[in-house]
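The two complexes that follow have chain A in common; it is paired with chain B in the first and with chain C in the second.
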Partner chain A sequence: MRLSRPARIVLAVLTGIILAVIYLPLIVVLINSFSTSTNLTWPPPGLTFEWWVKAFHNEGALNAIGTSVQIAIVATLVSLVLGTLISLALQRFAFFGRDAVSLLVILPIALPGIITGIALNNAFRTIMGIQLSIATVIIAHATFCIVTVFNNVIARLRRVGMNFEEASADLGAGLWTTFRLVTFPQLRSALFAGGTSRFRAELRRDHRDDVHGGVEREDPADLDPRQPVPAESGPDRQRHRGCPRAGLNRADLRGTAPRGGRESHPLRPTRFSARRAR
Partner chain B sequence: MLQADSGGPVPVPRDTGARRISVFLSRHPRLRLSLLLSAPLFWLGLVYIVALAALLITALWTVDTFTGTITQTWTLDNIVTVLTGSLYQTVTLRTLGIAVVVTVVDILVALPIAFYMAKVASTRWQRVLVIAVLMPLWASYLVKAYAWRSVLSSDGIVDWLVAPFGGQTPGYGLPATVITLAYLWLPYVILPIYAGLERVPDSLLEASGDLGGRTGSTLRLIVLPMIWPAIIAGSIFSFSLTLGDYITVNIVGGANQMLGNLVYTNVGAANNLPLAAAIALIPIVIIFGYLAAVRRTGALDNL
Partner chain C sequence: MSADRPAIRLRGLTKSFGAGNAVDGVDLDVVEGEFFSMLGPSGSGKTTVLRLIAGFEQPTSGTVSLQGKDVTDRAPFDRDVNTVFQDYALFPHMTVLDNVAYGLRVRGVGRRERHERARAALDTVRLGGFGDRKPGQLSGGQRQRVALARATVVQPKVLLLDEPLGALDLKLREQMQVELKELQRELGITFIFVTHDQEEALTLSDRIAVFNEGRIEQLGTPAEIYDHPVSPFVAAFVGTSNVFSDELSLRVLGRGGIHSVRPEKMTVERLESPLSGDRSATGVLAEVIYLGSSTRLIVDLDAGMRVVVQEQNDARRVGDEERGARVRVAWSDRDTVVVVADRRTESLDPAP
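And then the complex of A and B:
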């Protein structure tokens, strides 16, 4: 199949239109934030910095940013650890109930958020008798976030295979050494991708918080929505960088030279192989 | 071989405690597996499965109308109410309809842009486009919903744009809800489809062309079957997120209600958690049915 030139142009135009529609509402909000009108009329009758000044002096908004960041950091850390553990288990082992476990990980995003929300609300308040607090928000968010880390890490594990780990074990490295020097470096960019997209999701206040912990009220993301997104955040972008193995895979497909950066190759002769060669 | 023959004793690793644990673990893969699984399963089991199960049980209890507390008498009343009440049937059908339309719209919009990103754009543009698609995820859900409220309002930008052509904004209601929800979930649908398309090797497309396949038949016979799991994966996101939504419809939906609203009102204002739990069973059943139906496509590995 070779796309004709008109077909390519049509696709490019469609892409442009879709992106324009994606950005239109955001730009409208941005422009409206300078509008002198209070009821979002278009076009804005005049421009003013009044709302921005107010937002930056709003203590509630500033506190909410602090709360969100705190929740985001803790929930991201918890889900990074749990997500990595479970993806290692599901990718490296075949066992009875594997499908059930993988369904269990996916369930929190497959079921509508409000259901998980009221389920946790009910569990915390009615069953365990705990007051809703930042801690319950963190627990709930970490539960939702495991799956994102899981997706990123398991995709990476599938791609890198086990050759390096087996080689490392053959060369005499223990389990922990292998994980630290071989597996972890290969996973690092996937963890980064999973972590940032989770962190991002944390920073948006979404409807789960209505249900389990009325701590934050303002949305800090309103104030700072335009941080650069790392290219890594896509579910499959991470294969482009970071991991030299991925470079090899890509090279097979695209005919480019493998990128074995000096500092990045996890299996450049390290002490195990060096020791043996002596 | 040469290295092994070249003499010099191979150093034996020191026999430390960590070493012994490591050796023991590598000889017992089952133990390794259970250690890996214990923490996440403990967390998910305790936090999630227990909570869900408790919710299902709560649906079988009632609320004391005088004290407002939950009494633990077993009854099917809530479930019967939800199954037979015309309000619940209407809202369920409406929610399902919205979810289906939103999903179809999202897939139709996502396919061309994902195809352009994965197969037409240069590597550099690919990155730019992925970032462009991901960027809106940094903006808050609420900001985007209110943005559409402003865009679609009677003196908003849509009305301003189409007024010269004699058109007018659709206003607030179900069409606005569909537009806003489709807009909100679009990145979640584009990304799996894009990832799926990236996995289709270009060589297959060329082979199809060399063998005389036209663009249409290549797309239909080669590309579509290969990216089908990715499309389903995207649809799981938009479908399930729509089934649970209750904020967008409040902001742009006029007086319409969705299942999420019923659940939310019963948890909050009406203080009837058992009824809310019974209503929540509807989307749970729908989603489980959907997951069971698509399980064999392999979509769950594409999420």
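And then the complex of A and C:
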């Protein structure tokens, strides 16, 4: 697609503004993390690595990050494979119940996260009798991730059409060879887009935490080691820190108010409990 | 080249997409080494027949045989035919050389050999040295030739071409027509050529099947199709024809049935000049279109019909008639093609 010069300039300016709006606050937080001041004084009065050192020595925080990365990687991989397969099936073949399957795949993003969360919790614990674990978290996250992959891949498949696959088959390639040499290379960038956006969302825990029915929404301030930890979430909660999301039990779920439940939120223990060392 | 083992044999081929048949009972034998064209307007079923032969579609009923073998249930990759697609379908993520070598690669030919053969194939389409480019960096005509090289490098028995020249401009199209014909003679393989361009079909083909509404309306050599159309549809679709309906035939020719006369078989003359043919009709000259080597004259006949006359330009012709002048259109009775015989004479003449 060719854009005229004015259009390119407008596009560049808009992109710049949007990036600035998104990233400037994050940069402020980043700079402040090196500040000797404790209350976001601007400009920072001095430079220190104190908070970072503390953060890197906080076992809970490290564990939480480790678990998040682990879940993000596995859930992304699972959804890449399943999402691609579903897209191919739904786009390239006609079969009974195709529309129903399509709806089921998209449903998790249409429903509020808490609904899916409670449903999955029920399905795992009550119906299947499985204890919640990292595995169930991964499954739950994958159900969300598949949608993104699916949307990216099916849009690409629609755009590319069947021509290349037919040409490949015509030249003697079987189904698998065609997928490996023709379809997959066409999908690569779509998969990359779907995968990275999912991976990022995973790490940020963009969506409500499904299985555990939480309404957590972590913003960077949550991880500010300088914020005093509320008394309610004392060190007794620290037992969850090994696997912050999977460590919940039913009582936690019930105890979690749908909104504003942050104080009693079970994830609280993963916060840095370090207080100002002054 | 045996009649009992044709390159392609279609029997009762029918394909329906929901309502109506896109292809409606097509029987066809294509001889080995033939340049065969399927000609018809869009939606006439010619491309669907091609896709049925290639295996991209499964027929609703009927069979497809290649070299005497029934391949109706075989997948495209299991058929010894290759296709040149209308939009070429070159793989955009591969170089030109890898595109051409693709068919050899999936057949397990080693890297060195397949590159060698792909280079040779590119040479035959005069694209040697273009192997390292991506398809996106080529012009339409070059892409067309890459698609030809890609389809022929695996040495298929039959090459299917789906309106391969449709995307090219006129000059390039004429040049590619010559190249296609040469390539076919060189390779000696059967070409099945789908087109809606009657001139292209007439120029290139050994035989033509004219498609209309999922059926073959007429099958024959270009001369047979052009000179003796068997239906008003063929007469009108292949070239320009002046088709006289039953009523007009009675009025102008003095006999019933449907008749057709080619524009170049007719002349326009002044009323006072001597009659040059044994058939004539008077009318008003409606339009004179100068075409360089010839002139097209459109005459509104008094009988209530518009005819097109095409005359070679010579000294006599130029600037001879003016629009609005009363003229006479003359032609010979042996150039009058009986498309549909007079039903009245048939009914008077009971079958034995």
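As a working rule, the second predicted complex is superposed on the first by the 153 of 278 C-alpha atoms of A that agree within 3 Å, B and C clash if a C-alpha of one lies under 4 Å from a C-alpha of the other, contacts with A are read in each partner's own complex, and residues count from 1 in each chain.
Here is the rule we go by: a contact is a pair of C-beta atoms (placed from the backbone, for glycine too) under 8 Å apart; a residue touches a chain by one contact, two chains touch by 3 or more.
Keep in mind the model is a prediction, meaning the values are calculated, not measured.
In the superposed pair of complexes, A:Gly174 makes contact with chain B and with chain C alike.
If you count the residues of chain A touched by chain B and by chain C, you find the higher number for B.
Of the two partner chains placed around the shared chain by superposition, neither chain B nor chain C is touched by A:His57.
In the superposed pair of complexes, A:Gln186 makes contact with chain C only, with no contact to chain B.
With both structures placed on the common chain, the touch criterion links A:Arg5 to neither chain B nor chain C.
In the superposition on chain A, contact of A:Asn163 is made with chain C only, not with chain B. With the contact threshold set out at the top, residues 169, 172, 174 of chain A are in contact with chain B in one structure and with chain C in the other.
Listed in rising order, the residues of chain A touching chain B in the complex are 1-4, 7-8, 11-12, 14-15, 18-19, 21-26, 28-29, 32, 40-43, 81-83, 85-86, 88-89, 93, 95, 101-116, 118-123, 126-127, 139-140, 142-143, 146-147, 151, 169, 172, 174-176, 197, 200-201, 203-207, 210-211, 219, 221-222, 225-229, 231, 233-237, 240, 253, 275-278.
Interface of chain C with chain A (complex): residues 54-56, 75-77, 81-83, 85, 87, 89-93, 102-103, 105-107, 150-151, 154. Of all residues in chain B, only 3, 8, 10-11, 13, 18-19, 22-23, 25-26, 29, 32-33, 36-37, 39-41, 43-45, 47-52, 54-55, 58, 70, 109, 112-113, 115-117, 119-120, 127, 129-144, 146-151, 153, 155-157, 159-160, 183, 186, 191-192, 194-195, 198-199, 201, 205-206, 208-209, 213-215, 218-219, 222, 236-237, 240-241, 243-247, 260, 263-264, 267, 273, 276-277, 280, 283-284, 287, 291, 300, 303 touch chain A in the complex they form. Put simply, chain A touches chain C in their complex at residues 163-164, 166-174, 177, 181-182, 185-186.
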